[in-house]
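Scrolling down, you'll hit the structures one after another.
Shared between the two complexes below is chain A, which has chain B as its partner in the first and chain C in the second.
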Partner chain A sequence: MLTASAILTDGLVYAAYLFIVAVGLTLIFGVMKILNVTHGSFYAFGAYGAATAVGIYTNGDWNAALGFVFMLGLAMAIGLIMGIILERGLLRLVYGKDEVVIVLVTYATFLILEDVIGLIWGTQSYGAYQPMISAGNIEIGELVLSNYDIVLVVIAAAVAFAAYWSLKYTRYGRLLTTVIYDRETAAAFGINVTLVYTVTFLIGAALGALGGAVMAPKISVTLGIGVEVIVLAFAVVAIGGMGSIEGALVGALIVGICRAAAVHLMPQIELFVVYGVMALVLVARPYGLFVRAQPRKI
Partner chain B sequence: MQAGAQWVGGLLLLVAAAAAPFLPNWVVSLATIAFANALVVLGLVVLWRVGLVSFGQALYYCIGAYAVALMGRWIGFTDAIALVLLGGIVAGLTAAGIGFLLARYREIFFAMLSLALSMILYGVLVKTESLGSTDGFSVLTPTFFGYAPHGAQLSRALYWLTLAIDAIAALFVGLYFRSVAGALAAPIRDNEIRVEFLGVSVTSIIHTKVVIAGVLGGLGGALAAMTIGHVDPAMAYWTTSGGFVFVTVLAGSGYVAAAFIGSLVFEVVRSFAVDVMPQLWQMTLGSVLLLTILFLPEGLGSLVSRLKRRVMKPGTAP
Partner chain C sequence: MIKGRTASCWTLAGLAAAAMSLPAHAQTPAPAAAPVKLGIVSFLSGPAASPFGLPGRNGAEIVIEALNAGTAPAPYNKVGFGGTKIEAKYVDEAGSAANVVTDFRNLVQRDQVDAVVGYISSGNCLAVTPVAEELKALTVFYDCGTPRIFEEKARAYVFRPSPHATMDSVGAARYLIAKKKNLTSFSGINQNYAWGQDSWRDFIGAMKVLAPKAEADKILFPKLFAGEFGAEVSTLLTSKSQAVHTSFWNGDLEGFIYQQQARGLDKRMTIIATTGESSIWRLRDKMPDGTIIGGRGPHGPLAPDNAFNKWFSKIYTDRYNVPPTYPSYQMAQSLLGLKLAYEKAATGTAKPTTDQIAAAFKGLVFTGPSGEIKMVLGDGHQGIQETAYGTYRFNKAKKEPEIIDVMRFPAECVNPPPGIDADKWIEGGMKGAKC
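Our next item is the complex of A and B:
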């Protein structure tokens, strides 16, 4: 019983983290048809930005809640700045090329940014665990939970709700849905697709950085953290269906619970299980769980 | 034209082989690794011609390498030639199996699914304590029909073996490119459905290409394992695949020889860059990749065709 509830809570926390990272990736793919490898860099920059912010506010003896908001704010600001530089400075030049070529462009950018991290923050690793400690623990029955993990789940739920609500009920969200459905028709109806692209990329970049920021207190912020997260986010997005927000949510939950189950029951298959589940889902549904059938065009 | 290119290739090969005794040992080893990796790149070129990129080619590379290493570990078998063939066969069989799944996918879905498959292997190897987990384990010193060289002689023997395998692979891939199935690559890339209307199964052509690329990946991995003398799970990690993709884009899909030259240039630049400015190595890599995509989308090989066009039509503006 304890194991079951531990699997469920661990899985939920892990799924929350996966969702925050994957939702930006799937949003960018849905709108722009770009599989953005640079998302791993956004994550890494977010984590480093958060670590820097934690350093500032622990030295300045700030209030913990204020510090936490500052940490998330700084990371997302970094994400926005990087997003605008990348989209306006580089991706704009390659729109209209093969999707695979654009993947390679973002891969190249990812490689460059990996070294930029080293140049800015050096090769040492950073600990940003203060928010985690000041949040404290809570006991529910026999289960000890970190309050920080609960905050993480709440943030993920808020992101999911905000994405759902804004796509459904705001003007920008409706425009976005149109562009996702058919870019050319949307442009023909006078929607400024270029602007929609830029805004979407910025939101995606900020979400990637947010993912790094919320995870920073739970991990050791060190070189190469973006490398692993990018393939994990790919797996989540592929399971759910590329470009689908609800797919990212379901994909994150599946991967999160499966991985937590593996950690508790069979630790030796922990890494394998994520990609194993992905391969299984793709065998049954080649383009993921939540994806519209695409007509073949001659 | 094509025969001429083969003669030039053969001549270059002989020069490369004859130079070995006069080169320092580390150069020979470097070249061996480069030419072993070139086989993987050649496999990616086969796929790249239909517009497919595999971000998981390290899967076959790692399978080939581990096949060699495990044969040594389990039954003490060390014959280099048999081991290389074994690596190619095991990887080829794996590719044939997962090809049934993979050949249904195109574009980034193909890239991502191959990535996931290589990460499965990585995940399994990392968690397998009996195979040294993340540290991997060492490969027994290879022998050649009972002849067991050491030191510089061993390096040279492996170098010559690699060149021989390269030559055979280049010949066969060249033949394949000129066969009907190979010639259909560009039409498939442009418009798959029209090719199907010709009465050709695109899926089975792509399946064949996946197997060819798998065999080449396995051969490359087997040769690399014997040259390095060590295998570890990082051989299956996606960044390894990324390196191969990098060389493929750099070399372009126009020429078979471009894969070998591209791979050699890559290894040379890498060994110097890692030595001189290790903290800027990935940045160099990324910048070169970006510049290639933006300004030389057909790869370095296209420089040769441009040059040729200029030589063939003197007097006309380029």
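Our next item is the complex of A and C:
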């Protein structure tokens, strides 16, 4: 019973982390059909931005809640700025090129941005643990849960709800759904696809930075953190289906629970389990759980 | 006849090409006026840069400057290497093993360095070793810990003054047993690659010998650079262990410490961090009091109170405003060992050849900032030294980390004797250990 509840809670926390990181990636792919490797940079910049914000608010003796909001806000603002620079300054120049070319462009940008991080923040690591430590913990039987992890789950749930609600019930969401379904038809009906691309990329970038911001208090913010994240996010998106937000949610839950179960019950397969699950899903559903096979257009 | 002449021409051409492909410095002594060129390889970017790579690189920079100025304490007070100034080229270790090997070849063949000092990753050391042997390039590993380098095969041009990982694990087990005599259960969390696997193998092996009644409970191997350890902390919280061993380093160590602290793991069991010394100046009061700290040898706060340590600690702290950690010490002792070997090999004003330096390095005994190093394993290519472990405490009055309750273990107590592989020595009950 103790192990089962630990698996569930650990799985949920890990899934929350994965979902926040993966949702921006899948959104950009869904709309723009770009496998955006630079998403790892958004995550890293978000984490560094959050670490900077934590430094500012702890030195200034700010209220913890206000400091936390400032941390998230600063990180997302950095994500938005990066998003507009990259989309307007670079990606729009390669729209319409082969998907492989675009992946290579985002990969090259990712590598350049790693060095930019070094130039801005240096090579030393940063600890931004204050929000997590000050949040305290709660004891449930033998298990001690970090209150910060509970906040992480709440944030992920809020992002999932906001994404669902925006897509279903707002004008922009419906326009977005139309572009996801068929961008040429959407353009023929007068939708400003270029604007939709830009806005989508900005939202995706901000979500990537949000992922880095919420994780910053848990990790050592150091060079290279974006690399690990992007690999995991790809696995989650592949399981759920490229471009599907509900797929990212379910994919994150599957990976989170399976990984937690492996760590508790059979730690030697922990590394294998994430990619094992992905392989199994792709064998049964090559386009992921929530994406149907697309007929080829001629 | 024509056929024979053609064959001879091809043979000569082949020999010429072969001769050209060999590093020139291995063959002909260069004039004394030319500087001694060293390739210094360390992580200058990526997750390993901050805790290891840069302190190692900084250690090299400060020691080379002092040697060139002739301000190091005797017997290291001769300018540079044997009166010849040192010229260092710093290279980033980041990238795939194939890239690291390419960079190594470039240092040796293009830049014509006299020696390469470097490497943190055990994987990179294993990749570079056969190439160093092939090129006959003098190579001194400063930090990587895998015992396999000299156990797999005898080496001619590769040296490692810093002891390998077995010393860290055996020392940790001896300290733990000394401090927790009634230990019945322990766990381990180590990174899932050569370093983490080897560290745990040696630790659990030593525990079986020293405390056969204590049982290993949870054995966790998260991915390297995993960052998120929620499930691992829960697993440890649900165990009955009184101690958890970790050889985590870099961001993984710091992330694990933050995450476990938020959930109070250190209140339930003692953490044994075999590389903890490298993070105490960054973690400060976040490193839990009571954590058993190792530093891959007697480095940093665990270093002996000798003149070399005072000198090195001062010049490093003055320059970088932070005390040196163990990678800096390991780099310093690697360079000092190489200097002594170079000067021992030198005759007259000419530079000694690679073979002469290698012969002088073999079996060398010297004292550096971390005490005495004896090159006795791996046919005189692998060093051993005493090690030390202690218990961490953050001194709130001084606002400084400190390590108390320090225990020192002689080199022959925590390192295998010559001629036997580390794992077999532990499996055989660590026979011959002189404690």
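The rule is short, and it goes like this: the second predicted complex is superposed on the first by the 297 of 298 C-alpha atoms of A that agree within 3 Å, B and C clash if a C-alpha of one lies under 4 Å from a C-alpha of the other, contacts with A are read in each partner's own complex, and residues count from 1 in each chain.
Going forward, a contact is a pair of C-beta atoms (placed from the backbone, for glycine too) under 8 Å apart; a residue touches a chain by one contact, two chains touch by 3 or more.
The shown structure was predicted, so the numbers you read here are calculated from the model rather than taken from an experiment.
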Note to self: Do chain B and chain C fit side by side on chain A in the superposed arrangement, or is it a clash?
What the structure shows: clash
Margin query: With both complexes overlaid on chain A, does A:123 touch chain B (first), chain C (second), both or neither?
Written below: both
Next item on the list: Determine, under the contact definition given at the top, whether A:264 touches first (chain B), second (chain C), both, or neither.
Entry: second
Margin query: Contacts for A:276 in the overlay, against chain B (first) and chain C (second): which applies, first, second, both or neither?
Written below: first
Margin query: On the A-aligned overlay, A:238 touches which partner chain: chain B = first, chain C = second, or both, or neither?
Written below: first
Next item on the list: Based on the superposed arrangement, let me know which partner A:170 touches: chain B (first), chain C (second), both, or neither?
Entry: neither
Note to self: Just to be sure I read the superposition right, which of the two partners does A:105 touch: chain B = first, chain C = second, or both, or neither?
What the structure shows: first
Check: Of the two partner chains, chain B (first) and chain C (second), which one does A:63 touch, if any: first, second, both, or neither?
Finding: neither
Note to self: Just to be sure I read the superposition right, which of the two partners does A:192 touch: chain B = first, chain C = second, or both, or neither?
What the structure shows: neither
Margin query: Contacts for A:143 in the overlay, against chain B (first) and chain C (second): which applies, first, second, both or neither?
Written below: second
Next item on the list: Show which residues of chain A both chain B and chain C reach, each in its own complex.
Entry: 114-115, 118, 123, 227, 267-268, 270-271
Margin query: Taking the touch rule as given, give the residues of chain B at its contact with chain A in the complex, in rising order.
Written below: 51-53, 101, 104-105, 107-109, 111-113, 115-117, 119-120, 122-124, 126-128, 191, 193-194, 238-239, 242, 245, 249, 279-283, 285-287, 289-290, 293-294, 297
Next item on the list: Spell out the part of chain A that touches chain B in their complex, as residue ranges.
Entry: 35, 90, 93-94, 98-101, 103-105, 107-116, 118-119, 123, 227, 231, 234-235, 238, 242, 267-276, 278-279, 282-283, 286-287, 296, 298
Item checked: chain A - residues contacting chain C, complex -> 2-3, 6-7, 9-11, 13-14, 17, 114-115, 118, 123-125, 127, 129, 132-133, 135, 137, 142-146, 148-149, 215, 217-225, 227-229, 259-260, 263-264, 267-268, 270-271
Checklist line | Contact footprint of chain A on chain C as seen in their complex | finding: 44-47, 49-51, 53-54, 192, 218-223, 225-228, 230-232, 234-235, 237-238, 250-255, 258-259, 261-265, 282-283, 286
